[in-house]
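Consider the two complexes below, in which subunit A is the common component and subunit B and subunit C are the respective partners.
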Partner chain A sequence: MLNFSDLLPYTDVFFGGLMTTIELTLLTTVLGVVLGTTCAAVRQYGHPASQRAVAAYVELIRNTPFIVQLFFIFFGLPSIGLMLSPWQASVIALTINLGAYSTEIIRAGLNNIPKGQWEAAKVLGMDFRQTLTRVVFTPAFEKIYPALTSQCIIVMLGSAVLSQISVQDLTYAANLVQSRNFRAFESYVVTALMYLGLAMLMRYVFAMIGKRVFAFREAQ
Partner chain B sequence: MTSLKKLLGKTLLATACLGTAMSAAADVLSDIKARDEIRIAVPQDFPPFGSVGADLKPQGIDVDMANYIADQLGVDLTIVPVTSANRIPYLQTNKVDLVISSLGKNPEREKAIDFSTPYAPFFLGVFGEKSISVGALQDLSGKTVGVTRGSVEDLELEKNAPSDVTVQRFEDNNTTLTAYLSGQVNLIATGNLVATEIAKRKPARAPEAKFMLKDSPCYIGMAKGETALQTEVNSIIAKALAEGKLNDISMKWLKAPLPKGFGA
Partner chain C sequence: MIEFSNWDILRNLLIATQWTVLLSLAAFIGGTAVALGLTAMRLTRNPVMVRLVKLYIELFQGTPLLMQMFLCFFGLSMIGYEISAWGAAILSLTLFTSAFLVEIWRGCIDTLPKGQWEASRVLGLNFLQTLRHVILPQATKVAFAPTVGFSVQVVKGTALASVIGFVELTKAGTMLNNATFESFKVFAFVALIYFALCYPLSLCSKYLEKKYHVAR
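After this line comes the complex of A and B, so read on.
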C-alpha cells in the first residue's frame, strides 16, 4: 500500500524546497526581529504620532490573515505599478508579519524593565540611547526570548502558504510530487517530518544563541 | 389452391420484410427533410458552448451552430438539452438526429458514433501578451510560463519544454488567471476556455494563442453509417468555415479567432 520509494526520484525537489524554506526563514527571521525591535522601541518611547503609526501597523497585520497579506502584495500591488517577484513578495510578507507580532512581544519585555534601572542608568550619566542598548534591551529580550522563539517558528511554519504564489518551498515540493505520483500520504508525511525537524533545529539554534547573549546571568 | 395461398402468404411476408428493411434503410437525412424538422442535442450546463441565457433560452456556440445547420437544411430546429453523460445515448436511441455538444473525438466514441469535421476549437496551449513572440515550445527557452499545478498542460510542459524554462505553478486555474491578469506572468499554459475568461475580464489584456500543446476540437456527432447526413453536415461546416461563420462564432463566444489552420 504505502510506497516511500516512489518519492526517491523527487529527492532533488524535496531538497530544493527545504533549502528555499531555510533561506527564507533565516532572512526573514533576522529582518523581522530587527523590524520588531525598532517598532517596539518606537511604540514604547517614540513621538506620539509615530507611536500611533506603529500601533496601526501592528493591529492591521495581527488582525488580517497572512494569506490575504501575501495575495495583496503579490497580486494586488501590481495594479498600482509595484511588481514584485514571488521571492521578493514572500520576504516582504513574512518580514512585516513577524515584525508586527514581535513588536508586541518585545514591547512586553521593555515594559517589564523596572523604573529603577532607568534611574540608575541616569545617575551613572548614561543618555537615552546608551540606557536602551546597554541596560534595557538585554534583560528585556531575556524575559521574552521563549515567546520570540515560538513566534519565529510559527512564521517558518506559516511560510508553507508561499507555495500559493509559486514560491518553490517545501510545501510546493510536496504538492508538486503529490500531483506527479499521487502518493499524497507519503509526500505529506515526509514533508511534515521535515518541518518538524526544522522547527526543532530552530529551537536548538535559538537556545544556543540565547545561552551566549544572556551569559551575564551566569557571571552573577 | 393451398399452394397458391401459400405462395401468396410467402409473397406478402417477403414484401412486409422488404418494407421494414427499406424503412430502416431510409436515411436520417431523408427523415429530417420529410419531417421538416431536425432534432439537435445541445449542452445546457457548459458555457460558452451551451447554457441558459438571461431570457431562459439556450445560448452558446453549440446553439448557434445548431441554428446555422437547421437554416442551411431549410428545416425547423428542435433543441434538445442534454448533459455530457447522456448526449451519446440520445443519439444511439434515435431521440436526436445530431449531437452538437462540445463533443471531442476518441477511439471509444468512434466505435459508437460517427463524427463530422471539427466546428469549434478546444485546445490546451500557451497564451500570452501580443508583444511576446513565441511560436513553439523551443521559443519558450529562458522565459517564464505560469501554469496550474498538476494539470495536463503542466505535465506537457514538464515533458516537452526546454529545461531553462521557468515554470511558475499555481494552485488552480483561477490563481493562474489572476497571475496573468496582474502581470505577474506574461505567458500561461492553459485551455482556450480559460483564455476566453481572461479576455472577458480584461479585454485590454486578452491573451493571444501562441501555439497548441494538445488539440482536441469539437465535432458534431451522428448515428453510425449515416453517410448522406455526414456528407451534408460536413459540407455545411466547410461552407461555414469558408464564409467566416465559424470564425464569427468563435469571436462571439470565445473572444478569439479560430486558431491557425483550423479544420485543415
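After this line comes the complex of A and C, so read on.
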C-alpha cells in the first residue's frame, strides 16, 4: 500500500521544485504589489480615462481563470510575434494576476482614509505625492494588510498551474517523481503538505514584516 | 488539412462551455451542502468539532486546488478507488468550495452582535430556535453577496479540471489550439467566454452588497 520511502531518492528533485516556487513567489509578490499599489493610486486619484483603463484591467483579470491568462500569454502572444520563455511568461502572468487583485484590495484601504487626513496634510503644506507617501499609505496598508497577505498566498498556491507550461516548480517535481516511481498518492500528499507549509511560512513572514512596518501604531 | 472558421472555433468552445457550467453548478451545490454541515458543526461550539472544521479549512485553503485534483484523480485510483476525471473534478471542487464557504459564512455569523444570542436566551429560545428565528435570517442576508462573489472563484476553479483531462472550456481551448495553431484567437475566445460567465456574477455580488449594506 502506501510507501513513502520510495520518495527519498527524489529529495533533491522536490527541493529544486520548492526553490523555484519560492523564487517565483518572492519575485512576483514584490512586483505584483508594486503594480497593484500603482494601479490603486491611479484608480483612486488618476485621470478619469486612466481610471477606466485600470478598472477594465482589474475586471478582466478577476473574471478569467489564471490558467487561461497563462496560456494566453505563453501560447497566444507568440502568434503575434512576442516570444516568451516559460519563466518569463510565468513572472508576467503571476504579476498581472496579483496586480489586479491587489489593486482592488489596496484601493479599499485608500478609500478608508478619512478626508480630514488629506485636508490636514494640505494645511501643513504637503503636496499630493508627499501626502500619499507620508500620510496616506501606511494606515491604508495597515488596514488591508491581512487581506493582502491572503491574496499573496492564494497567488502562490495558484502558481502550481505553472507546471503546465513546463516551469520546473514544486508541482512539476511531483509529476516528475510520480511518473518515475508510480507513487502518485504519496508524491502528491507530500507536495500538498509542502505547499501547506509554504502557506504557513508566508503568513508568518508577512506577520513579522507587518509588525516591523506598522510598529509605530502599537507604541501609541 | 481541415480549415477552421471563427465560427467553428467559437461553436466548439460553446459546446464545451456547457460542461464548465455544469461542473460549476455541481461543485457549487456540493460545496454548499458540505459547507452547511461544517457550519452546523462549528456552531455546536464543541471544541473537537470546531478544531476539526478549522483543520479542514486550513488543509483545503492552504494547498493548491490543482494538487487536490491530482490527489483525487491520480492519488485515489493509485490506492484502489477508480474515479473518472468528472468525478475527481466534482469531488475536489466540492471540497475546495466548502472550505471557503464555511469561512465566509463564519464571518457573516460573527458580525452579528453577541447580544442577539444573549437576548434570545433571555427570551427563553433554545439553540435551534435562536438559529432559526434570530441568527439565520440576519446572517443569510449578509452572506448573500460574498457567496455569489465566491461563485466566480468556483467557475474559474473548474478551469483546472482541464489538467486532469476533463473536456471543459479550457481543455477544449487547448485542443482547438493544437488543431488550428491559432493560439491568440482561441485563448482570447476562451478568456472572453469565461468573462461572460463570471462578470455578471461579479456585478450581481456588487449589487447585493450595496443593497444589503444600506438595509442594515
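Here is the rule we use: the second predicted complex is superposed on the first by the 220 of 220 C-alpha atoms of A that agree within 3 Å, B and C clash if a C-alpha of one lies under 4 Å from a C-alpha of the other, contacts with A are read in each partner's own complex, and residues count from 1 in each chain.
By definition in this document, a residue touches a chain if its C-beta (ideal position, glycine included) is under 8 Å from a C-beta of that chain, and two chains touch if they have at least 3 such contacts.
Keep in mind it's a predicted model, so treat the numbers as computed, not measured.
After alignment on the shared subunit A, the placement of subunit B and subunit C results in a side-by-side fit free of clashes.
Shared-chain residue A:A56: touches no atom of subunit B or subunit C.
Look at A:Q69: by the touch rule set out above, it reaches subunit C but stays clear of subunit B.
Here the apex is the CA centre of subunit A, and the angle it makes with the centres of subunit B and subunit C after alignment on chain A is 70°, in steps of 10.
By the touch criterion defined above, A:L124 lies against neither subunit B nor subunit C after alignment on the C-alpha atoms of chain A. After overlaying the two complexes on the shared chain, residue contacts for A:V213 are found with neither subunit B nor subunit C.
Set against each other, subunit B and subunit C touch different numbers of residues in subunit A, with C touching more.
Of the two partner chains placed by superposition, A:M19 touches none, neither subunit B nor subunit C.
By the touch criterion defined above, A:L176 reaches subunit B but does not reach subunit C. Of the two partner chains placed by the overlay, subunit B and subunit C both lie in contact with A:S79.
By the document's definition of touching, of the two partners only subunit C reaches A:Y195; subunit B does not. Of the two partner chains, subunit B is the only one touched by A:S166; subunit C is not. Superposed on chain A, the gap between subunit B and subunit C at their nearest CA atoms measures out to 5 angstrom in whole units. Touching of subunit A by both subunit B and subunit C, each in its own complex, is seen for residues 75-76, 78-79, 163-164, 175. Subunit B meets subunit A in the complex at residues 146, 149-150, 154, 168-171, 175, 178-179, 182-184.
Those residues of subunit C whose C-beta lies close enough to touch subunit A in the complex are 58-59, 61-68, 70-71, 74-79, 152, 155-160, 162-163, 170, 173-174, 177, 181-184, 186-188, 190-191, 194-195, 198-199, 202.
Within the complex formed with subunit C, the subunit A residues making contact are 1-2, 59-60, 62-69, 71-72, 75-80, 153, 157-161, 163-164, 171, 174-175, 178, 182-185, 188-189, 191-193, 195-196, 199-200.
Residues of subunit A touching subunit B in their complex: 74-76, 78-79, 83, 86, 163-166, 172, 175-176, 179-180.
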